Amino acid sequence: MAWNTNLRWRLPLTCLLLQVAMVVLFGVFMRYDTDADVSWWREKAHRNITTDLENEFYYRYPSFQDVHVMVFMGFGFLMTFLQRYGFGGVGFNFLLAAFGIQWALLMQGWFHHLDPKGRYILLGIESLINADFCVASVCVAFGAVLGKVSPIQLLVMTLFQVTLFTVNEYILLDILEVKDAGGSMTIHTFGAYFGLTVTWILYRRNLEHSKQKQSSVYHSDLFAMIGTLFLWMYWPSFNSAISSHGDAQHRAAINTYCSLAASVLTSVALSSALNKKGKLDMVHIQNATLAGGVGVGTTAEMMLTPYGALIVGFFCGFISTLGFVFLTPFLESRLRIQDTCGIHNLHGIPGVLGGIAGAVTVVFADPDMYGPAGFSKKVRESRIQGKFQIYGLLLSLAMALVGGIMVGLILRLLFWGQPADENCFEDEVYWEVPEENRASHDPEDSTLKPPALLIPSGTPAFSQVLVA
Amino acid sequence: MAWNTNLRWRLPLTCLLLQVAMVVLFGVFMRYDTDADVSWWREKAHRNITTDLENEFYYRYPSFQDVHVMVFMGFGFLMTFLQRYGFGGVGFNFLLAAFGIQWALLMQGWFHHLDPKGRYILLGIESLINADFCVASVCVAFGAVLGKVSPIQLLVMTLFQVTLFTVNEYILLDILEVKDAGGSMTIHTFGAYFGLTVTWILYRRNLEHSKQKQSSVYHSDLFAMIGTLFLWMYWPSFNSAISSHGDAQHRAAINTYCSLAASVLTSVALSSALNKKGKLDMVHIQNATLAGGVGVGTTAEMMLTPYGALIVGFFCGFISTLGFVFLTPFLESRLRIQDTCGIHNLHGIPGVLGGIAGAVTVVFADPDMYGPAGFSKKVRESRIQGKFQIYGLLLSLAMALVGGIMVGLILRLLFWGQPADENCFEDEVYWEVPEENRASHDPEDSTLKPPALLIPSGTPAFSQVLVA
Amino acid sequence: MAWNTNLRWRLPLTCLLLQVAMVVLFGVFMRYDTDADVSWWREKAHRNITTDLENEFYYRYPSFQDVHVMVFMGFGFLMTFLQRYGFGGVGFNFLLAAFGIQWALLMQGWFHHLDPKGRYILLGIESLINADFCVASVCVAFGAVLGKVSPIQLLVMTLFQVTLFTVNEYILLDILEVKDAGGSMTIHTFGAYFGLTVTWILYRRNLEHSKQKQSSVYHSDLFAMIGTLFLWMYWPSFNSAISSHGDAQHRAAINTYCSLAASVLTSVALSSALNKKGKLDMVHIQNATLAGGVGVGTTAEMMLTPYGALIVGFFCGFISTLGFVFLTPFLESRLRIQDTCGIHNLHGIPGVLGGIAGAVTVVFADPDMYGPAGFSKKVRESRIQGKFQIYGLLLSLAMALVGGIMVGLILRLLFWGQPADENCFEDEVYWEVPEENRASHDPEDSTLKPPALLIPSGTPAFSQVLVA
């Protein structure tokens, strides 16, 4: 083995250092938002509110919980079982997300939730949603490098990606004043191309050896559906979570619901049409059915109209399935981009499509219709706002590429404890795997292909144990 | 194989045709409801509301999400693993539900959510709940035919059943003015008897050959519990989702909670009492424990009293367990009704009981107590309302039988790509099953019963792979 | 076998008797709360409220549903798969929780929700949350005895524990006026030490024989993560569910979110540092990551500050992981406490820490800051309130010990149908296990260790079937 993967001191030190840093930074900079502070009774008196329901908590909390489920459960399970790579999928997703939300609370708060005097970051329910959003983008990128990196590398990547995400989002939403409620550009496009760039830099020449551990397996595919369904069911909450109260939030949920429904049918159609015997491929059903949610991210809160939402979902499901069949093999063989979970098809292309759909929708919008609350903060003509939407999309791509190259180069350093090529997608490298499975490690077993589904060789990747 | 199960052109064309039709129909007929339209600020001014919380979205959205989870996750997992039939369970439930909600938005909207001029269907959060309700009824029927039909047949069945459901519901709720908040009659009774009639028409003489693939398996039963628990936990949201704001919705959740708790204990009691060694049967625990939710559907929002709810749950759990032990074998051997998931016991009988419970509760209700908001839209005497409740129940049964026969006959046509009797409950017919499992297809394997739990024969139905 | 485990008459009679008793008691004592009663329209008029949103239902229902998911899904799955003991984990958790909530509605209502005349218990959404809280405490204790008791024993334990819980909680919250929003003391400390005392009394000398069925298994660990993630994601709802409306509830959710995030990083750090090769142990990730939620239970709604929450989570994750490595083996070998799921590390120690954290936070609190609504019902000095917090903690421990001894002695009686030592952790004792698995019962199989992961012996505990 070329590199030392024993993390005994490095991982604990990294975790503790990061956690202590968080405690100190929180201590110095973080206070409760007025809505979460005991001084809320003064605020109520001051704003002349008679009911506690006007506390932001009641507007946002149910949506927040759904977003939380998507980030921790949806991504964890979809990605784990897609790859038959168990602890490393669920466990590392858990680790990076738990660190990521803390760092995101600081970074996002710094840009968006400072108190009037600029001394403290104010922590409220909206900060929690924003932190989860930010981490969703890291989870997307995680899908590209899954199984090929150490937990320390993941923590480093999270640190940088959260920072870059926040800067990018700040420029888009606050400087360019771009609309992107569900994050087609800021979350999905940025996350996907960042992850793809990192995995391109981290290209592994001899990954074919561990290829077999990575391909799709019957029952593992079934459990990935737990993740898919969570993402699919709660996506309307995701896209509407930070929309303005009232009609915008209501509309965002409806549009996402419609778009997601449409992409299920087109995914099924394409999956069957592209198979010689007309059979469906579970990988398409797990992924492309979600493309409608990504694609409608920017437009969800706009007056897209219900059939507009269906059209967006239609094309996203279509193109995402095509991507799995034609683009992923091409990316891997020609461009040397080893995209473990196929995030380019689920987040990359649909994210870009979503950004373009946003620009088009904005160009045809009637600013008057939006009433006194307005169409965007600055009163702009539709055509100009459309241009800015495209600038936002291009900037997200640029940030992802430049940032991805930088972070990729940092992650290529040799002391992060990364696994050798032949140990990728193996849980035994970083996890204490229970004894029963180690039995399968007996060298004699590897010759035992018959009678039926015995473990062919090597390591107890999740599915192999089950199939054994 | 008698029929051609290669769906390469038929399935894609069906899906795309349906999806394009949805886009066109949505484009022509569907607009946002005022609460989801940018004109909401005008509506607020007009209705003199100062807070966005009065937007229907905040009253309904959390419940809607729970219903959504039940339809897509609960039904998917309960039914899949009950049958050890993986992709075809979760995957096809996903497909039919995704198409069904779109068609239901149109059909339901046509009857319930037209704008004042009757030109457009108005789409709001309540429409989404109604669409999910409607599809729940299709999911119930799906449980009867699961594993024996092609995805095209499922789409056709969904098309017709959603239509019939809407007509039936319209007659019950709007013409007869029957109360049925949680859908004991409209969803469960109608869905179950519709599905049973369809499977009766589609009777398969030689199903015993694939019987062994269908019976209960240890760990598969465990995963079915994921579905059972989702249904059980979110049923209070289901029964209360469209109840009137305030006390009615509150009461509906409480009654359902109580009824469900009671049916757990009686299911356990009966399951143990009917077994020679007093052992529990997992199939009863998965199903009969939910019967209380079905049975309290009509009465949930009424002044049933908490102990009334317990009594309803008590009897439903009781009778549902009896049904699994005595009725299902009888239905199959004598009446030739091959009820794959035993929906007659979970939705059929408890649904009818629920309808009767509703009539009885109404007869003993005191209309004065309900205050100015009233007891039913038309002011009726309790006794007369009770009669109408029974008419509603009978009509639901009649619609299910007549509709089921019609749809069953349509589905018997030979070009839908249905599987041969010996291929029922096999995923390989319609799904690209990963290679590892195809190994098990080796004809020599079928002779290998020992050493332990190797795959006995034929196809890699989910559980067999695991058990292998 | 020493004892008769055939429950054919005993289990059904117990269940039916309990359920009938519930119906009668509900009939005599239970009525709807005003918010859930048709008289709500009078209440609205009387309290001069114009909107139904002021109905307690809308404040509490989303949180309640999350708590519900934790109790029925989180505990069920975490404990089941931790132990590779399937039906008995999920199924018995379901049974005891379904009975427990009914009995808790009565007991809790008796102490907390009587109508002004003291004749009836009023049932509303808050009662449902309290009942679920109470049952959570039973689920914790269940984790200590899991796999070693019969379902009848569990029902008896539930009956007594719910009663003792209610008395303890009443003394703490209403007499001592202790603050304990998320139940560090009332739920976790009490539940854990009660369960540990019971399992200490029920000490089984020859449990090593069934030891192998109990240890951790690769894929089973993965599914336990479903439970872990549900608990982790919904814990903010748990700790904030019954806090005062507005800022307190808002703050409770935020503090719990922060604390949980911190305990993930410290658990990972310690888990790696304590392993010779620096590998992570899945059992720590499943459990210690949740310790932050337990530890912040008392302080969640206080002005703990965000970094205070991080510090609490930091230490809880730390100590909980240490407990798994050093304390559990010691407890078992020296103190004869056979703690099946390691609840001492997840609920016991972090619960005590949480109680102490609460006392400390209170001592440093500024009562003036809390405004007219006040800091505690009685206006006390901070130092005195701190003392009372410690009294509450000590009382909870005392109640757990005394109650646990009493209930343990009752459960040692010989007619409860408990399993023999060598049949512990086996589902076949109480469940009709499907045929395929019974094949594994063939005595000849037990000699078949090779070729790979065949079932080594005895019974089809969940994981063994999968591994087979």
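Which chain is which? They are A, B and C, in the order written, and residues in each are numbered from 1.
Here is the rule we use: a contact is a pair of C-beta atoms (placed from the backbone, for glycine too) under 8 Å apart; a residue touches a chain by one contact, two chains touch by 3 or more.
Quantities reported herein were computed from a predicted structural model and do not represent experimental measurements.
In a homomeric contact, the two copies may use the same or different surfaces; for chain B and chain C, under half of the interface residue numbers are shared, pointing to different surfaces.
For the two copies, chain A and chain C, the CA superposition rotation is 120 degrees, given to the nearest 5.
One finds 32 Å separating the Cα centroids of chain B and chain C. With touch defined as above, residues shared between interfaces to two or more other chains in chain C number as follows: 53, 58, 62, 226, 451, 466, 468. On the chain A side of its complex with chain C, the touching residues are 6-13, 15-16, 18-19, 22-24, 26-27, 30-32, 35-42, 44, 51-53, 55-58, 61-62, 65, 68-69, 72-73, 76-77, 80, 86-87, 90-91, 94-95, 98-99, 101-102, 105, 123-125, 128, 151, 226, 427, 430-437, 439-440, 442, 445, 448, 451, 454-455, 460, 462, 465-466, 468. Across the complex, chain C is touched by residues 53-54, 58-59, 62-63, 66, 215-219, 221-222, 225-226, 229-230, 232-234, 236-237, 245-247, 249-251, 253-254, 257-258, 260-262, 264-266, 268-270, 272-273, 275-282, 285, 289, 303, 305-307, 310-311, 314, 369-373, 451-453, 463, 466-468 of chain B.
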